[in-house]
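First chain written, first letter: the chains are A, B, C and D, and each begins at residue 1.
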Amino acid sequence: MTQVKRRANTKMVPVQSDAIVPERDADKAPVLEARHLGIEFGGLKAVDDFNLTIGKTEIAGLIGPNGAGKTTVFNLITKVYEPTMGAVLINGRDTHGMNIVQASKLGIARTFQNIRLFDQMTVEENVRIGLHNQIKYNMFTGMLRLPGYWKQEKKQHERALELLHIFDMEKLADEQAGSLPYGAQRRLEIVRALATKPSLLLLDEPAAGMNPHETEELMENIAKIRDQFQIAILLIEHDMSLVMGVCEGICVLNFGRIIAKGTADEIQANPVVIEAYLGKKKEGQA
Amino acid sequence: MIFLDNLINGLSLGSIYAIIALGYTMVYGIAKMLNFAHGDVIMVGAYIAFCGLQYWGLPPVIAILAAMAVCTVLGVTIEGLAYRPLRQAASLAVLITAIGMSYLLQNIALMIWGANPKFFPPTFINSTTFKLGQLNISSATVITILANIVIMVGLTLFTAKTKMGKAMRCVSEDRGAAELMGINVNRTISVTFAIGSALAAIAGVLLCSSYPTLQPTTGSMPGIKAFTAAVFGGIGSIPGAMLGGVLLGVIEIFGKAYISTELGDAIVFAVLIVVLLVKPSGLLGKPVREKV
Amino acid sequence: MKKLFAMMLVVCMLLAGVSALADEPITIRVAHIGPTTGAAALYGLATLHGAEIAAAEINAGDGPYHIELINQDDEHNVEKVINAYNAALDAGAQMILGTTTSKPCEAAGAQGYIDRVFFLTPSASSTAVIEDKDNVFQICFTDPNQGLASAQYIAEHNLGTKVAVIYNNADVYSTGIRDTFVAEAAQRGLEIVSETTFTDETTDFTVQVADAQNNGAEIVFLPMYYTPASLILKTAADKDYQPIFFGVDGMDGILGLEGFDTSLAEGVMLLTPFVATSTDEHVVSFVNQYQAAYGEIPIQFAADAYDGIYILAAAAEKAGITAEMEPEEVCDLMIAAMQEITVDGITGSMTWDASGAVTKSPMAATIVNGEYVFED
Amino acid sequence: MTKAKRNRLIYNIVTYALVIAAFILLQSMIANKSISRSLKGQLVPICSWIVMAVSLNLVIGISGELSLGHAGFMSIGAYTGAVVSGWLLNSFAVESTLLRLVLAILAGGIMAGVMGALIGIPVLRLRGDYLAIVTLAFGEIIRSLVNVLYIGVQDGHLCFSFLNRNMPEGVTMLVDGAKGAVKIKPISTFAVGFVLILITLTVVLNLVNSRAGRAIKATRDNRIAAESMGVPVTKYKMMAFVTAAALAGMAGALYGLNSSTVVPTQFTFNQSINVLVFVVLGGLGNVLGSVISATLLTVLPEVLRAFSDYRMLVYAVVLILVMIFTNNPLIRSFADRLIAPLKQLLRGKKQGGDEA
């Protein structure tokens, strides 16, 4: 495991049954509660009995070997898939039967493992799509260029630049999103997601393809985002330095089931996790 | 009795649609393009067979083989010249190219064979009528249905058993991966067009055996209907094309016979829409789940 | 002095006129408009070719008028026909032979009515073509006329009482004939036992034929062109159904259909003003020239257009059209002249009234052994 | 002002300016009679085709859905326009042709828009080739239905009949089945066509650069991502589809009222394809491109009348070649390399200018 430079030093406390959240969030309603969540694809249980609670300002990590079902969990939370078992509660509201858009309006935003930007639109326009439900005017106002159009467009523009500033990307505002370098595309996805004013931000492998320097920067930014926006963040990541460095609660998934939950220290010491990652040690080898 | 008669008419029409749809669906499955010119390749096949029979005095079997040979060459040429350069292009560009190809073939046919319709001469295919009580069944119907079954089984076996067939399935699943596995994608697609076009020639002869007037536009409407049939059955699926074609034919005839001849086509298309709304990938098509 | 000068002037002018008549024939510019490309090219090419043969004949002869033929393609399209019409006038046409097909003719004729341009259509037969327009004249029968005549013929000759009608409901010609046929049939005590439709794209006629057969029709009336008719005959043969098939002028051409087994058409009756196998010397000459030039047996459209050029020449002569006249001037002169002339063409002897409709008599023919046989 | 904004502004200004300049030029040509009959006769159809192309571009280029039934909406507009115009004249004695035309165009747009909504609700759930085939099917259904539709007017009220021509005695037919809309009084004018183009451009260009337009484009670029950002994808697809249908209906009304008759066979699948070709050759999402290609491809065949026998042949070959040349990566990179020095030259000059 790579050298861990920074460690979140949060005391985690149980809130109900086995769920834990940071101590500072203990008296606030959790952002996300996944209860016995599961989905089957043609008889195969991709995710089974998944339970997770995330505190209001928690940075949580979801890790596990490839194919463990991490992205599927994201898809269940964001309602890309309708779970076949269990429930997802966002800010205490059951999302049963909701679609992606409704879930988004409840305050979930995400990035994607395989980047999904609006390639043919500019960077600013991408962020403005994130602002779609924040700064509004109707179609006719737009078609007829009524005063509301100019006012709201200006607001959108200013807000978009503000958001881009988080990653110092204002200068790229007019570039076509599809032509950005890889790292910038990943950062843009985060900005776009933040624009929707989420209470829970899901990051799917935000550090994939980044160099160590970029990763470190990202790590700082993730913490900064949480502090600035006071939101919860759940991230999937293979880069353990990032996960261990920034995540307060960590949940380990293997074959669709949770095999361990806890703080970074607890997870690192957990033999089941080590086994899942390194494979079962053969007897006699040790 | 009348019902049976209509059913047979529907099967007869449907089997024609099916045989054209097979060509559509094969090309779609592997090259992932709507080959709008397929109907016109059928027309060319029919003209070649017509020339063979009427002008060159060839025996029917030889005329059909000649048509198949010409269409095969034509299909491969079209693919190589017009479609191959667009392998990486957006599907819309390929669609427009195919439409351009369709216009081109029609106009070349107009120049060669003129605007006057030809009447496809009778051959062994449609020369006899079987009587079953009061029912009259043309031998063309029987032969078309048989040909359909043979072709469907043949294609299914071909794609399942032969090396080239397996290569086709690979290319259809994932072109990039197939290329990495050492499959020559261009060659595989060429072979697909060759087979599809040879089938088009057979379809052309069978089409004109049942409906003998032959014009440069002969292929367009059956082409569109067969395309509809292929989508109906689930485009890319060989049994789906067969099922879609036959059902479409039966629906069309029943719609005309029991509802209204005026609305026959409207009924066919309405049924297609309803089916697609219930089963968005057609009757036997595999649902595609977008990976997130 | 003044008088003398005036007289001299008149003499000079007369001399000039006479010499022009004798030596230099007047060339009038006629535009043929029809679909020479596209799905209806078959008809447009037929009228064009017919007109070309007539124009060549006239120009080779020593008549007072020569014809300069301008061709414009309308693609059987209501938008393109206006373009074709305008292009023809831009090219200097003085009058129009056309248009070949009904709907485009309706549109172009209406424009011509506003612009004052004379139209003589060889083959556009719907009533809408001449309705409310004094500038359009027809060579072929109007559709209602044919429907009427067909019903009358069937009733008068006691061919049967149970009639089936199969018609193209996307086609003006077909529906036009069908409408009056059905009305007249009711008057004449004929019973319509089956009525089915098809469209331009239809190739499968099993339902239509089966419906006629199952309803016991003795006569099947086919107001349509020969291409779908050939398919209906084939389907009926496959179904072993042998009623009397009764066609209209559009059916002519079925015997010239390349590859067609004429035995399928055995016994088919039709009303037509022109048959290519006629022994009339004028017809034979036309058919021979046509075959030599275009390698095909002319259909009725070609014959109509051939007559059309002769009609225009005759009317132009009557009206005293000159090469310098503008289309507007030509129009009114031609309208008047058309109502005065009688033309004996290969499609019969024709006269016109102010409505623009032609008066000529159709002949009833029966196909026997692959040949037309005429009755009375 | 940002660079993107400035480019967009320049693009919009060029688009409007070009259309307005063309209009002024043509009007002055008409005024001093230096225009050929042939060109003059095509002005209104060109306006209709431009509106058709721009509206289809909204669906295909901007919303990213392949529609093969756009001519169906045009036919709805043409028929509605013909009926409304005939009805107004017959029943309300509205003599003003301009008023009749404007009302007819509005009615055509509304009717086509309503049909677009009815069709869009079920259909827009499908994607890609399946959406294409279903729109094709709807186009054909509309054509079949219009073919057996009879509308007449008598004593101030409209009589409708379907399948059979059951009409009272003495009725004035407006739509007569296969005979189409008949006895239309042609009232379309180039000026109204020009205004319609301006309206279309305004609607489409303003839409594209607004909140709704961005939502539509986002849906095109990545449906799942757009949904995840809280954009109701179906709503915006519908918005684009219905707007395009309404514009096509207006174009249809203008087109229909330019002629004395309109027939169902004018609005076939092939016509939809023609408009599609305008859009693709003009460039997906490129409104100015659509305007230019619709104009050129309407005028060009008329200019080439002399070669009318080979026209379609040439058209087909050109279509194929253009597609190959603009879409083949090899040929494109070759062309780019040819153009590159030129671009360099221009850029160099420009930079030099900036420095000076």
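Here, a contact is a pair of C-beta atoms (placed from the backbone, for glycine too) under 8 Å apart; a residue touches a chain by one contact, two chains touch by 3 or more.
The shown structure was predicted, so the numbers you read here are calculated from the model rather than taken from an experiment.
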item: Per Cα centroids, the chain farthest from chain C; value: A
item: Chain centroid nearest the full-protein CA centroid; value: D
item: Inter-centroid spacing, chain B versus chain A (mean Cα positions, whole Å); value: 49
item: Separation of mean Cα positions, chain D and chain A [Å, integer]; value: 43
item: Euclidean distance of C-alpha centroids - chain A vs chain C, Å; value: 76
item: Chain B and chain D, separation of their C-alpha mean positions in angstrom; value: 32
item: Chain C, residues touching no fewer than two other chains; value: 37, 169, 199
item: Two or more partner chains touched - positions in chain A; value: 80, 112
item: Multi-chain contact sites of chain B, meaning residues that touch two or more partners; value: 262, 265, 292
item: Complex contact set, residues of chain D against chain C; value: 36-38, 40-42, 45, 147-148, 165, 177-180, 182-183, 186, 255, 259-266, 302, 305, 308-309, 311-312
item: Chain C - residues contacting chain D, complex; value: 36-38, 72-73, 77-79, 82-87, 89-90, 103, 106-107, 110-111, 126, 128, 132, 168-172, 174-176, 179, 199-200
item: Of all residues in chain B, those that touch chain C in their complex; value: 2, 5-6, 9, 12-13, 50, 53-54, 110, 114-122, 126, 129, 131, 136, 138, 207, 210-213, 215, 217, 220-222, 252-253, 256-257, 261-262, 264-265
item: Contacting residues of chain D [partner chain A, same complex]; value: 2-4, 202-203, 206-207, 210-215, 217-218, 220-222, 224-233, 239, 285
item: Touch list for chain A against partner chain D, complex; value: 78, 80, 99-101, 104-105, 109-110, 112, 116-122, 124-126, 128-130, 132-133, 135-139, 141-145, 149, 152-153, 156, 173-174, 192-193, 195-196
